[in-house]
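Handing you a structure now.
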Amino acid sequence: MSPPEVLLRGIELTRRWGGLVAVDRVSLELARGSVHAVIGTNGAGKSTLINLLSGEYPPSSGRVELLGQDVSNWSQPRRAQAGLGRSYQRNTIYANFSVFENCRLAAQARLQRPWAWWESAQRCPASREKAEAVLQRTGLYPMRDRQAGLLSHGQKRQLEIAMCLATDPQVLLLDEPLAGIGPEETDRMLELLAELRPGHAILLVEHDMDAVFRIADRITVMVNGTVIASDTPESIRSNADVQTAYLGEEQP
Amino acid sequence: MDLATFFIQCLNSLQYGLLLFLVASGLTLIFGIMGVINLAHGSFYMIGAYMAYALAPLVASTFGGGFFAILFVGMVLAVLLGYVLEWAFFSFLYEREHLQQVLMTYGLILVFEELRSLIVGDDVYGVQAPPWLAGTIPLGDVMTYPVYRIFISVACLLLAIGMWLVFTRTRLGMMIRAGATNREMVQALGVDIKFLYRVVFAAGVAIAVFAGMVAAPVSSVYPGMGNQVLIICFVVVVIGGIGSIRGALLAALLIGIVDTFGKVVFPQAAGVLVYVLMALILLWKPDGLFRAG
Amino acid sequence: MIARAPLLFVTAAFALLAAYPLVAGEFGVDLVAKIMIYAIFALSLELLAGSTGLVCFGHAALFGIGAYAAVLLSPQNEAAALHWLLPASVLAAAAYALFMGALSLRTKGVYFIMVTLAFAQMAYYVIHDTPLGGGTDGIYLNFKPVLTLGGTTLLNLDLPETFYGFTLATLVLVFCFLALLLRSRFGRALAGIKDNEQRMRATGFSTYPYKLAAFVISGGIAGLAGFLFAVKDGVVNPELLSWHLSGSVLIMIILGGLGHLRGALIGAFAFVLLQELFKSEAIFGNFAKHWHLGLGLTIIACVALLPRGLVGLPQLISQRLSGTRSLRDGDSPDEPA
C-alpha cells in the first residue's frame, strides 16, 4: 500500500492575540483519502486553527504547507486558488442570490475573466456546469431557483458544503458542518463526506461526538490551544487524558 | 514664532479642541450606544448658538438675569428638545440601516435650517460675552489673551469632568459604558433600554447646545456653522474610535492643535491638514485610535 | 438578466427624453440636460455604493475633478477638440479615484465612508485655497469643445440642442455599459462582494482588485458627468467638490432605490424635480425661499414610507391593492437593472 499523500500540513502552528495564546504549537497532517477530525471544548482553539490553515490570518509562528508549498504567508484567496476549500461554522452564503447563483459564483472563482465585460455571467458554460454538478451531488438541485436566505438551516448547511466543492478543492476544511441540523440530515451529510473521502483530504471540526466517531479516520483532541492526543478513534476513545479533559462523565 | 505666540496658539488649540470634544462626545455616544448616525448633530450646536443670541433679551426681561441664566434656560430647553426629538423621531431610526439614517437625518438638517430661518432669520449675529468675562489677561510683555476664551476651556473641562464622573461613578454611567461596548448584551440584561436611549440622546443634545451657546461670543452666529462643526466632529469620532469618549478627547485635542497651528504656519493648506491627519491615522489604525470603552 | 418591466420602463424613459426637446422650451431643455448629467453622476455612484456596497461619501471630488480638468485643459483662445478633451477629463478623475481608492479600501464600514470624505475634502481644499483652482469664484470655460473631421464641425456643444442630444446619448451609453458590466462575471463578482465578501475570498476571489477597479470605473464615469457639467454651464467652482454634493448624489440613489440602475435615473429626476418644485414661487409664493423645508420633509417621508426607494413603489402599490404581502422583501434575486 502506497504511503498516504499528505496534502496539507500544519507545523508547530502558534497564534497569539496580545497576551493570550489561542493555538500553541499545534501540528497536524491531512492526507488524501482520509477524514481528520479535530475536537475539543469551546475555547480550545479549533476555530483559530482552522483560520490559520485557511489563511484568514497568518500564524505567529509555525508553518502551513499546502501540496508541498509553504503557504504560511499566502492570503486566503491565494490558498483557495491552490486547492483549499473551506466551509464556515456560521452560514456564509449569498443570502440574496438563488441557490444556483450561489454555486455558480463560487465556481466562477476558477475562471474569473473579469475583463470580458460584455459577456453575460449567467451564460458562462463552465460555471453553470459546475454549479449543476455540485447541486446534484449535494441533493440541492430541486431548490436551485429559491433564494438562498430562505432555505431551512439544514439546507443552508448543505449549500455551504456545495459552495465549498464548486471550486474543485483538494483539501476541505469543514467547520462544524453538522451544527444545528437534525439526525436525518446528519446522515445525509456523513454519506456525502464518505463519498468525498477518496479524492480529498478532509479536516472536520465538530462537536457531534457520534458523527465524529462514525466518519473520522483520525481524531485530534485540543484543550486550551494545545493538542493532548492525536490518534485513531478507538485509541482516542480509550485515552484516559481525553476522557478526563474532555469527555468528562459522558462515557461513549 | 516667539514664545508668547506659541503659548497663545496652545491656549487656542485647547479651547477649540475641548469645544469639539463636547460636541463630538454626544455624537460618538449616540452612534456607539444607539447605533444611529446622526447628521443633524451639528444642528444642535447651531441651535445652541442661536439660542444664546435669541434668549438674551427674553431672559433679561423675564428674570433680569445674565449669562448663567441664559445658559440655564438654554440647557433646560435643550434637554426638552432632545427628549421630544428622541421620542418623536429618532426612536424610529434604531432598527434602520445606516444609509436610511443618513438620509433621514440629512432631511432633518434641512428642516432645522429652515425652521431657524423662519424663526430667527438668516443673518449673522454677534453675541456679547458677559462683561465680567470680557476682559483680557496679560501674557508676557506685549500679548494679552481674552478671558472669555479661558472661560470656554474651563467650562468645557468642567463639563468633561462631570461626564467622566457620571460615567465612572454612577449606575447610569455604567449602563452607558456597557451599552457602548455591547448593545445587545445590555438589552439582554433587561436594562430599560428605551429610557437609557432617551437619556443618552437628551444628554448628547444638551451638551452640543451648551457648546454652541458657550462658543457663540467667539465664533459668532451664522447659518452654516452647524454643518461646519458636524464634519469636523465626524472626523473626531472616526479618528478617536466610534463609541470611545477617551478617543474623542484625544482626537479633538489633536485636531485642535493641527488646525490652530496649521492656520498659523501653513495658512494655504490649513483646510486640508485635518483631513490629511485623519487619512494618515486611519491608514495606520483602520478602526480609530481606541476601540469603544 | 434584465427583467421585462424594468427594460420597458427604461426604454420608454429614454424615448421620452429623446422626444422632449420637441415640446419643451429653452428652460426645460436646460433643466433636463442638467438632470441627465446628475443621472450619469448618480449611475456612477450606484455602481460603487449600490452594486458593490462601498458607500463613498466623497464622490463629488471625482465629479469636480472631471469638471475642472475640462476647463483647465482647454486652450484659452479656441475650442478644444472633443475627442481629446473628454477622455482626458475622464482619465483625470479616474486617476484621482485610483489614488483615493487604493488608500481608502484599506478601511471598512463607517470608517471607509469617512476616509473617502477626507480625500474628497483634500481635493476640495486644494481647488478652493490654491491658485490652481482659481479660488472661490471658479474659472470660466471660454470655448466649448467641438468635434471636427477634416474641416467640418460635426458636433458643436455650444448649441443647446446639440448638447442635449450629446448628453442623452452619453446617458444611454453609460446605462447600457453599466447594465452589461453588472451582468458580466466582473459585475457578479461585485455583487458577491457586496453580499458576502468573506465567502468570495474563501472561494478564491482576490477582492481588493475588484473593489479598486469598481472605484476607478465609477470615478471615471463621475468625471464624465463633471465634464458635461463644465461644458454645459461654461464655468466651474469649488462647490462642485463639496461634501454637500456628495451627500446629494448619495441621497439621489437611495431615494431612487439602491441596487438598481434605474434607481439612479429615477432618483436624479426625483431629487432635482423636487427641488424645483419647492423652489417654485408660482406654487409657494413667498415661502419658496424656504424650499429646504419641503425637501427635507419629503426626504424623511420617502425613507420612512418607501424603504426600498422609489423603485419599490410599483410593488408597494400592487401589494396594497391586492391586499397581499410578499414573503420576502425583495424582487427576483438576480436582477441588477
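Observations, loosely collected:
Should a chain be cited, it is by its letter among A, B and C, assigned in written order, with residues numbered from 1 in that chain.
We take it that a contact is a pair of C-beta atoms (placed from the backbone, for glycine too) under 8 Å apart; a residue touches a chain by one contact, two chains touch by 3 or more.
Just so you know, these numbers come straight off a predicted model, no measurement behind them.
The chains touching chain A as well as chain B are C.
Placing every chain at the mean of its C-alpha atoms, the farthest one from chain B is found to be A. Geometrically, the chain at the heart of the complex, using CA-atom means, is C.
We define each chain's centre as the mean of its Cα atoms; on that basis chain A and chain B are separated by 50 Å.
Computed centre separation for the pair chain A/chain C is 43 angstrom, with centres defined by C-alpha atoms.
Computed centre separation for the pair chain B/chain C is 33 angstrom, with centres defined by C-alpha atoms. Residue positions of chain B with contacts to 2 or more other chains are absent.
Residues of chain A touching chain C in their complex: 54, 75-78, 80-81, 85-86, 88, 92-98, 101, 105-106, 108-110, 112-122, 124, 147-150, 163, 166-167. Listing the residues of chain C that touch chain B in their complex gives 55, 103, 106-108, 110-111, 114-115, 117-119, 121-122, 124-126, 128-130, 243-244, 247, 250-251, 254-255, 258, 290, 292-293, 295-300, 303-304, 307. Every residue of chain B that touches chain C in the complex is listed here, in rising order: 37, 92, 96, 98-100, 102-104, 106-111, 113-115, 117-118, 227, 231, 234-235, 238, 242, 268-272, 275-276, 278-279, 282-283, 286-288.
Here chain C touches chain A in the complex through residues 1, 177, 180-181, 183-189, 191-192, 195-196, 198-207, 210, 213, 327-328, 330, 333-334, going by the rule given at the top.
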